Structure formats: C-alpha cells, structure tokens
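Structures for review follow.
The two complexes that follow have chain A in common; it is paired with chain B in the first and with chain C in the second.
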Partner chain A sequence: MSAVSVGSVTPSRTGQITPSRTGRKTGSLAWLVVPALVMFVGFGIIPLIGVVVLSFTNWDGIGAITPAGFANWGSVLTDPALPHALWVTFLVMFLSWAVQTPLSILLGVFISGHQKYRAALAVLYFLPLLLSSAAIAIAYKALLDPNFGLGAGLGLPFLSQNWLGRPALAMGVVIFIVSWQFIPFHSLIYQGGVRQIPKSMYEAAEIDGAGRVRQFFSMTLPQLKNTIITSSTLMIVGSLTFFDLIFVLTGGGPSDATRVLALDMYLRGFRGSLMGPASVIATILVIIGLVLALILQRLGGRGGATSQLEGA
Partner chain B sequence: MAGSTTTARPAKTGGSRASRSADDRSAISSSGRPNFLGGAFGWLWLAIILIPIYWIVITSFKSASGYFSGNAMAPPTSPTLANYKLVLDSGFAGYFLNSVIVTVGAVVPAVLFSFMAAFAIIRGGGRFLKGVNAMFLMGLAIPLQATIIPVFLIVIKLHLYDSLLALILPSIAFALPLTILILGNFIRDVPNELFESMRLDGSSEWGTMWRLAFPLTKPAIVTVSIYQALQVWNSFLLPLVLTQSPDLRVLPLALFSFQGQYSVNIPAVLASVLLTTVPILILYIVGRRQLLSGLTAGFSK
Partner chain C sequence: MDSQHTSRRSLLALAVATPLTVGALASCGSSGPGAAKAGEATIWYLSGAPQETIRQNAVDAFNKANPDGKLSVTLFQNDAYKTKIKTAIGANQAPTIIWTWGGGGLKSYADAGQVEDLTSWFGENPDLKKKLFATAFPAGSVGDKIYAMPCETVSPIVLFTNKAIFKQVGVSEPTTWEEVMALVPKFNAAGIAPFSLGGQSRWTNMMWLEFMFDRVGGPEVFEAVFNGEANAWSNPASLQALKMIQDLVKANGFINGFQSITADSNADQALLYTGKAAMMLHGAWTYGSMKSDGGDFVSKGNLGYMNFPSVSGGKGDPSNTVGNPSSYLAISSKATAEQKDIAKKYFKEGLLTDAENEAWIKSGSVPIVNGIDSKLGASDDADWLKFVYDTAANAANFAQSWDQALSPTAAEELLNNIEQLFGLAITPEQFATNMNAVIGK
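Then we have the complex of A and B:
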C-alpha cells in the first residue's frame, strides 16, 4: 500500500498513466471517473504543478509572467522571515496536536458510552463546527476584549488580558480557538474507534481484574492506534491551512508571532504582489504536507494512514 | 471492516438506539464503574463550548450603549432587534443567496462525481483506476490552499475572475478526495453477492450503480453532502482571492467586511455572525443524526 502513495508523490507520473491504460479490462467502468478526474486535474493537479512552475517566475498578479530562474528561491531561502514562519507553523502544528489529541481521546471515550445524555452532549459539542473560521475569529476578537469581554463579564481578572497584543498570549489564543473548533470533530472520530473495540475484550479484562485505568492504557489506547493515526494526519495536515482563523484574528501579529506559512504566502502574494516568492512558500507548504503524511503513514506500520483511510 | 458501519448505522434509526446497540458493542459504559474523569471533562467541555456561544447570543440583542455599560455576561436589560435589522439592511439577503448558489453548485456535482468515481474505483480494478485512486489519496495529504495562486491564474485565464463560478469549480475539486474516500468505504461494504446477483440478472454496471450501490450508500451520501456543504459554506480564502465585487460576496467574506466597517458596533457584528449560522444550524438540526453517525463510521474505518 505504501508503494502506491510513494509513487503518487510525483503527480506527473500518475498523470502519464491516464491516456495509455484506459482500455484495459476495466474499460467499461473507467469512464465513470472521468468527471471527477477532469475537475481534480484541472483545479488540483495542474495548480499543484503550477505552483512549482510559478516559483521560478516573476508575476505581480496582473501583468505578464516572466521567468526568474532561481532568484525567488534564493531570496526566500535566505530571508530570515522564512525560518520564523516555519517555526511558527510547526509550533502551531505541534501545540494544536498535543492539546487536541489527549482531550479528543478523553472526550471520545466519554461519548462512546451509550447513555442518552452523552449523545445529547455530542450534539452540542458539534456546534462550533457549524461556524466558519472567519465567524469564530470575529466573535473571539470581541470576546477577548479586556474591558468588555469574557473576563470583565465573569469577574475573573486573569481573563482580562491583552490577549491578542502579546506574542505568547496570541499564540495561546490561536491554539485554544483551534481546539475549541476541532476537538469535537476528532472526539467523534475517536468515538467511532472506541465503539469498534469488541466488548468481549473488556469482559476478558474485567475477569482478569484489570481496572478502568489499566483497561484504558493496555487495551483501549493500543486498539485506537489506527484511529490516532487518522486523526493526527487530519490535524497535522489541517494545521497547515489555518489561514482564515489567523488572518481574521491576528493578521499574523503581534509582530509576526502568528504568521504561519499559509498566511505568509497570502500576504506576500496577494498583498505584496510578489507571486513568485509566494509560490516558493506554497511549494514548501506542499512538500511539508506530503512529507508529514508519509511519515505518519510509516508510523502506522503496514501502510498506516492511507491504507487505513482507504479502508484496506 | 464490515462490522464498523453496522455499529454506527443503528444510530440513525432514532431515539431507542442507546439501549439497543449497548448490547453488542463497547463495554465502556457497562462496566458499572462510572468514568469520573471523562464525565467531569465532558461537562467542563460543554461549558467551554456554550459560554462563548451564550455570550454571542445575548450580546447580539444588546444595544451599543447596553454593551458598553452593562455586565458582559448578563442578558440584555432591554433586548433589541436593531442589530439584526442593520445586518439585513446591509445586503445580507444577497450574500446569503450567493452562498446558497455556490454551496449547492459545488456540492451536488462534487458528490455526484465522487460517487461515480468511488464506484468505479471499488468495483473496477486495473492500473488506471489504481493510479487514479492513489492520486485522490495524495490529494488528502496536500494542503490544497497552497495551490491558490495557480488557481487564481487559471480562473483569470478562463475569464471567470469575480464570478460565482470561479468559487464553484475549485470547491468541487477540493471536495473530491475526501468524498471519494468516504463513499468508497461504504460501497466496499456492500456485500459482493448483491453485485453478483445484479450481474446475473443482466444488469449493466451503470444500472447496478444506480439501483444497488446508490440506495445502499444513501446515508453516506447525505453525510458527505452535509459535511462538504459546511466546508463550502464556510470557505473564506477562495472568495477572498477570487472575487472582488461587493455584490458577489459570500457570507464569510461579507462577515469580514461587515466587521471591518462596524468594528465598534460589537453587538451588530455578533448579530451578523449568528445570522450567517442560522441556515447551517437548521441543516444540522435536521440532519444531525445522519451527520454524526455517518462521520463516525466514515472516518474511523
């Protein structure tokens, strides 16, 4: 399984398969993928190749596109802003993963119980997922206002801080909001994973006298391994795209403390009219996404993430 | 693997599900000892979810002066609908319509194309379909937002810049990998004997797809449709980059410019946040069982 996706890292290779092999014995079915394939190649694969191509050009977003050789790569790779943006991106990735995973497992195990009130709680937990990241960011900006927001309302002085004005606090706020938004979704995935663990295993453990904590660590957790990998993959690749939330909430500030790569790409390209360097950043983002997905897949043993996702 | 969907499926049938499915799966709750840690955290998390939402709701009914003078957590002393009126007067009906057009226009083809592709990938074989499948799986690992600059270029070249179609086409493409994956998982669970008997009855693959696979995967189709509708409805980067005219704004973008314009009038900004959520909330209330159980089954395979 892993061989399949390793091969697919080079999009052009998969693309080449298209014309020559259509007529095999599956010819009668293969045409069914054509609409999806056309859309995905047109607005997924070609842009993916295009982002690499554009990284070697100069373009202001309006005028002509001119070749630039390695100039953009040279300037971006030597720009001290790049290591900073990379650091912020990985920090957001790691912190959001490290906060969300244990809490999602805890919550997922909790709502996997079949009591009715837990099902009702699960319905309420899901509410943040209905809001757009833009809406959440706008609401939290107001909520975190030191004078009129939550801290003042609850009479808790420690909640009345200049949350978005200080770098470390702003990072904390981003991680909190991401958790607020996505923990429900991941706990739902864990709920599904927990419910697949056969009851007989717990009965056997019960007879052997294993307590609840012991059961959790020696049975539930190992049984959830593939679910953990699926959920972590979604979290980690997803964290590369926290553009909307950060753009609306902090705009990357204060003093670039929350300027992740995706935001850096947008600001350079669409605000700074430097599409070439922005494409370099985008290419780096794609590479990070693919490398991380491959690593996570390896962690899963026998093909891990993708084959798990594939349902194989 | 077949067992994994049957776990979740009873959940769709309704209220009595808790007692019924408790028999066959998950002893977590039946071990007799309550899960104190989980319980405590479960209720704490409920508070963490609901307090901000409560605050958004009450504040949206406050007058500007009431917001600055009263306690932030107390309900408004004289509730007003003025904020909602201001939002509606700012053209939100048009933005709402734009969002509906983009969402329906993207989700219907995306799910239809995905269903056909997933059927072909699961039922067919051979290198071509394997290659296509691998390509879609790779799509899951790529942060598609990173392709926004070439998408912008393509949209300009197609003369679609600043149109709703410019939002619809990339949205379809972005929705495909996950939708194909989830629908494929469900089509794989259809027992092979059913396909065999369809074949013996002389049904074409096209007929089998619509008369057998489609009805049997309908719950999954509804689930992914709601999920993708949420994604498209809430999408922000595509409209930010690909449209320009105020009258082509979709709701998240309209929200953003509204809060730029009325940044001091927090109650009105929060009213706009709530108004844009109402349609999706109604969809969630109608389809929540389907969505929650379907997502559980779709992702935990």
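Then we have the complex of A and C:
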C-alpha cells in the first residue's frame, strides 16, 4: 500500500503543472521515463496481458494450460457469487471512504497546527501506519476472540461479541480496522494540504469576522478540494484490492459476508485451483479500477485546472 | 487547448491508476525458498508443536549421519501451506520433498507429472513397504502406482470430552446421537458450551459431516461422491445427515462464536481444557498439544476420548472412523538426480527410525509402523495410544478426510458450502445442489 501511495500522490499535482511547462523540454527529457516504463511494462502490462490470456484458458496452476474460449467468462458472469462479491467490494469501498474521509480531514486540520502537543500527538497517530496488515489482522483477531479476547480479559461482556462470526459485525470490524490503519496516512496528506493554504487568507477572513467553523467550511474545505480527490482516489482504488487484512482476519467469512472481489479471485485461483475463472475476476478488477480512477480524475478535472492556491 | 488538456489528463490518470490496480494484484504472488543449493535437497514441513520438533530432529539426525547429502527444512503453517505448495509446484519451485496429505491433492500433482513414481522403488525395497501400515498406502497412490511414501502417524478423528465438566454437570458420556442431543440443553443450562469448534477453519466443521454421513448412510455415501456418480450428494442419507448437523447448530450445540475461532491457533482445544466446552471432535494429533498446553488437564486424567457415537437406524458400522491414515512425502520430479537420491536415502534411513518413533509415541501419537503396539504399553499415555491404535486397526472402514480425498476444486467448493451450512445460510437441499455441480471436477 505504502509503496503505491508515494507514486500516486504526486501525479494529481503535477497533472496541473506539467501542461504549462512541458512545451519547452519534452524531447530532451523523454528518456527520464525509461526506468519507470521498463518496470511498469515488465511488472504491470505484461502480467496483465498474461492474466487476460489466462482468462480464456483452463489451468489448475500445476498441469497443462488448455484453451477454454469464453467458457470461463460465461461461468463467472452468470455465477451469483459475482454480484455478491461486487456488492461486498463496493460496500467496503463506500463505507471505508465515508468513515475515513471526514475523520482524516479533521485530524489533518488538527495536526497541521504547529503547536508542540499536536506534533507529539501526530507521531502517535502514525503508529498504525508502521504495522503490516497481516500483523494488524492477527492482533485484532486475538483481541476480538469471543472466549479469550479483550472482552474476556477485561471482564466486559459487551466486548465478547461474535465479532467475526456475524455478517454485519464482521463487516463493521473490517471497516473499523481498515480505517484505524489508513486514517493516519490520509491525515498526513490532509496535513500537507492544509499547510499549503496561505495564512494571509485566514487573516483576511478573521478581519471579515469569520469564526473558526465558518473558516473551516468556507475556506479550508474548498481549498482542500484537490487533496480530497487525491486521497479519495487512493482510498477507493486501494479498497478495491483489499486483500491481506480480510484474508487473515475473516478469510472472506462468515459464509461470504466479507468475500471481496480480490479475495474471491485469490480463493478461486489458489485454493480452488481454477486459474481461468480467477483471471476473469482479476481482469474485471483491473477494469473497475481503471474506470473508477478515470471518473475520479474527471471529477477533479474541469475546475482543477485552475489552481486555487495563491500565486499558482 | 482544453480538449488536448483533458486527454492528456485522462492519459495521466490511466497511467496513475493502472499501476495502482496492477501493482496491488501482482503483489499477491510470492516466490518460495524452493530452489536449493547444489548437493542439498529441500523439504517442506508443517509447523506447530510438538510435530515440528520431531520433524526437525529427524532431519537433523539425518544430516549428521550424511554430511555430504544434506536436507534443508522450511516450515509452514497448515492453512498457508496448502496454497503455498500448490503455487510452488505450479511455478516449478517445488522443494525436493513435498509433504502432503495424499489423496486428491497428490493426484493433481501426479496428473501433471510433478511427482516421482515410487512404485518400482518400493518394489526394490520390500522391507520398507512391509514395515509400514498397509492401510496407509491407498491415499498415497493414484491407481496402482505409489507416488508418496507414508510417514509419521495415523490420526483418526476422535470425540474428546472434558471428564471434569461431565462430573460437574452430573451426566455421562454419550454413546449414541440421541444422547448427544439430550446432553446439549443440559450443558447449555450449566453455562458450558456442549461442543468446542474452530469454525473459521472450515475443515473442522467438515469432520462433523464426515462422521454424520458415515453413521447415517455408511461409507458408501461419500464413496459415491468420490467416484463421481451424478447427484451423489442428494442421497437421502446425505440430506438427513446434513439436517442433523443443522439441528445441532440450531440447538446451540457449538460454542457461541465458533465461526470466529480458528484451529491454527489451537483456541478450540483451549476451550475444552479450560472447561468452557464439554466436548470436541478433533484429530488425534491434538492430544499432544492439549497435553503440553493444558497444564495438568491430561495428566490428571480429565481428558476423555471415544469414537464417534452411533446413530440409531443408521447404516454405518460404529467402528468406522475417518481422518488421516498417515502423512505423506512425495519427491518432486523436477529435482536433480542428486537431490532425488538424497530424498530416497532420507525415506529409507531417516524416517520412522527408532528415535523418531519414540518421539512420536512420547507426543501421544501412533507411528504407522507395524508391530508398534508392543512399544505403546511402556508410555505414560499407554491408554490413549492403545485407543488410537485400536481405533485405526479395528475400523471396518478408515475414510480419508474429504478435503484431502477430493480434488482441490471440489474441496474448496465443499469447504465454502460447509461454512454456509453451519452458518444456516443454506439448506441441506441447497448444499446438495451446489455440491452436485462440482462432482467429478
């Protein structure tokens, strides 16, 4: 997740700046793209083509690969498990976005202040970001164990729910842990965004008599528009491929309540030895991811071209 | 200008989005430590005490005796191993020696030509073949060819009880299904779960089905599935067994929250020995960990064990059992000749040695060596070992665990449906329909 995010924060910013500057030096600087392009083609495009090809074949992961025509596509697209997995995926996507965004903005605004105690708190907030998803999942699984977990340990019966055994609760737990894990990251993005808003604007607003709440809604939020788009893109495309946490935490269960598309792909391919149908799902995932990212970029598109930052 | 601008943005967006999606997808794969140095063979084993130590010690002893042909061990957790080994074999990264449960998984390796045919090798070493339980060979064979060497221990599935809890509630151990169902409300009334179950692991639930199918309809019901007969799951005995399981779930027979518990963490065993549950259906291999982790639970004689209760009117012989007839080791056909020689030497000289057998017996397991029963009496766990030996030796039918017997595709579908069956999300009829669809796949 973290490796992906570093690369993707910049483009939406450079996206605004490049058109005005590239005109002069495009030719001479083209070679700069080569290292990234080689990696991208080698580890992105070629495997992607492989997956698309595999989706038209039968393969158990061990034996020979035999062509299957459109049989895999037909069986996956008519499988009632697919709409369910899509629904779960979009539910996770929407809920984790709806929970994370407001909290991240508030935290981001809070830690953008330069007071010492805020800096100290900011360090604490970032702790979940240092842990791997698998470690987080294992830790939460132990804490949520209905018989030996936090509830039993502290003697608090209301914490001894069947957290991962009931569909609605399990979904809630997944959203909670995802938010707990990624809010620090998005707060960091918002912190940067807030710090770029010129102080002079706030001074002007204060002179005009705007209170803190008014300032937040009328200035901070609109100024953060592009940051919100960046952060939302990361959340939404990222949540499309949530795998490790859910895999370790619930394995897609109970029944198929948390079986998101990425997990469905893995379970079909590597547990069920059906690489063909798994490749179909992988292809669907890529398509959905691309479409979503394009929509989000469009949303930021029109107005985004004219920066609202002072001096830009 | 504006339109050009937009298309450039779209392109950029595409460039941004693709690595996000593809990168995350690509990161799912991983390469294993399968490749070995020259002159060294590799072996993958399952982790988990106490088996892990015994496996490691056997390899260490072998390496000490054979300094020029060494084995290097990598250990994996049970559920992780099942996918890891498949991926590794598919990527030609398999270890020299592949630990397996035999059955359908082994068949898929053999069909793809990924494992050595050991039939002629066993022909050259008749003493080795005679040394091992004959019942262990079928699951290590495909057709009449042997593809894996049986090793380690025989592990029937056993009904464990917490005798202290039975005494506390004032009830006696069940011998029939009717008695089991009568015990359920009594334990629930006492605030104790009747059965512990690590339901998130799914194969734990499957053990219940294996016994219910056998007791209600006899081993023929599942054999029909195994042999690929159409609509074999819709057998009336099968539907009745499925319904009886759901009745037990509905009567709160299993501990609250069983869907959240995994067997890999041994939490299900902990529920039994801490007295939170009265009974548990589990593999014989759990005896060792209950003995080591359960304090004085086992040594005080609080652990009871018995074969699965009979069902009145059922067709299955009450002596029938299910489980793992043994563990298996196969040799990768992609290994070098030198590695294969090391592996075969290990099979012949390094496995089921007197020292290893002693260690297995000490851990509470019965090694699959003929005549081993004479050595069981001297152990602290003599009663238990004799019970396991008798259960395995006297069983009219010893069925292999379903998820291992079936092909990986059918097994995964089975486990999915079992989870939904226990979650009461599907009816027995829906279960049968779903499973009929993957018969023979």
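The rule is simple: the second predicted complex is superposed on the first by the 258 of 312 C-alpha atoms of A that agree within 3 Å, B and C clash if a C-alpha of one lies under 4 Å from a C-alpha of the other, contacts with A are read in each partner's own complex, and residues count from 1 in each chain.
We adopt the following convention: a residue touches a chain if its C-beta (ideal position, glycine included) is under 8 Å from a C-beta of that chain, and two chains touch if they have at least 3 such contacts.
Everything quoted here is computed from the prediction, not taken from an experiment.
Using the contact criterion defined above for the overlaid structures, shared-chain residue A:Ile229 touches neither chain B nor chain C, since it reaches no partner. Touch criterion met: A:Lys199 reaches chain B, while chain C stays clear of it. Contacts of A:Gly251 after superposition: chain C is touched, whereas chain B is not reached.
With both structures placed on the common chain, the touch criterion links A:Ala64 to chain C but leaves chain B unconnected. Contacts of A:Val286 after superposition on the shared chain: both chain B and chain C are touched.
In the superposed model, A:Trp163 lies in contact with chain C only, and not with chain B.
In the overlay built on the shared chain, the residue A:Gly272 is in contact with chain C alone; chain B does not reach it.
In the superposition on chain A, A:Ser133 makes contact with chain B only, while chain C stays out of contact range. Of the two partner chains placed around the shared chain by superposition, chain B and chain C are both touched by A:Phe243. Between chain B and chain C, it is B that contacts the larger number of residues in chain A. Overlap of the chain B and chain C interfaces on chain A comprises residues 4, 7-8, 11, 40, 43-45, 47-48, 51, 61, 141-142, 145, 148, 233-234, 237, 240-241, 243, 262, 266, 270, 282, 285-286, 289-290, 292-294.
Touching chain A in their complex are the following residues of chain B: 1, 3-4, 7-8, 15, 17-19, 21-22, 24-31, 33, 35, 37-39, 41-42, 45-46, 48-53, 55-56, 59, 67-68, 71-74, 109-110, 112-114, 116-117, 119-121, 123-154, 169-170, 172-174, 176-177, 180-181, 184-185, 188, 205, 209, 230, 233-237, 241, 251-253, 255-256, 259, 266, 269-270, 273, 276-277, 280-281, 284, 288, 291-292, 295-297, 299-301.
Within the complex, the chain C residues that touch chain A are 5-6, 8-10, 12-26, 28, 82-83, 86-87, 89-90, 108-109, 111-112, 114, 199-200, 255-262, 265, 267, 270-271, 276, 407-409, 412-413, 416, 419-420, 423, 425. Per the touch definition, chain A reaches chain C in the complex via residues 1, 3-4, 7-8, 11-12, 15, 19, 40, 43-45, 47-48, 51, 60-64, 141-142, 144-148, 160-166, 233-234, 237-238, 240-241, 243, 250-251, 253-256, 262, 266-268, 270-274, 282, 285-286, 289-290, 292-294, 296-298, 301, 305.
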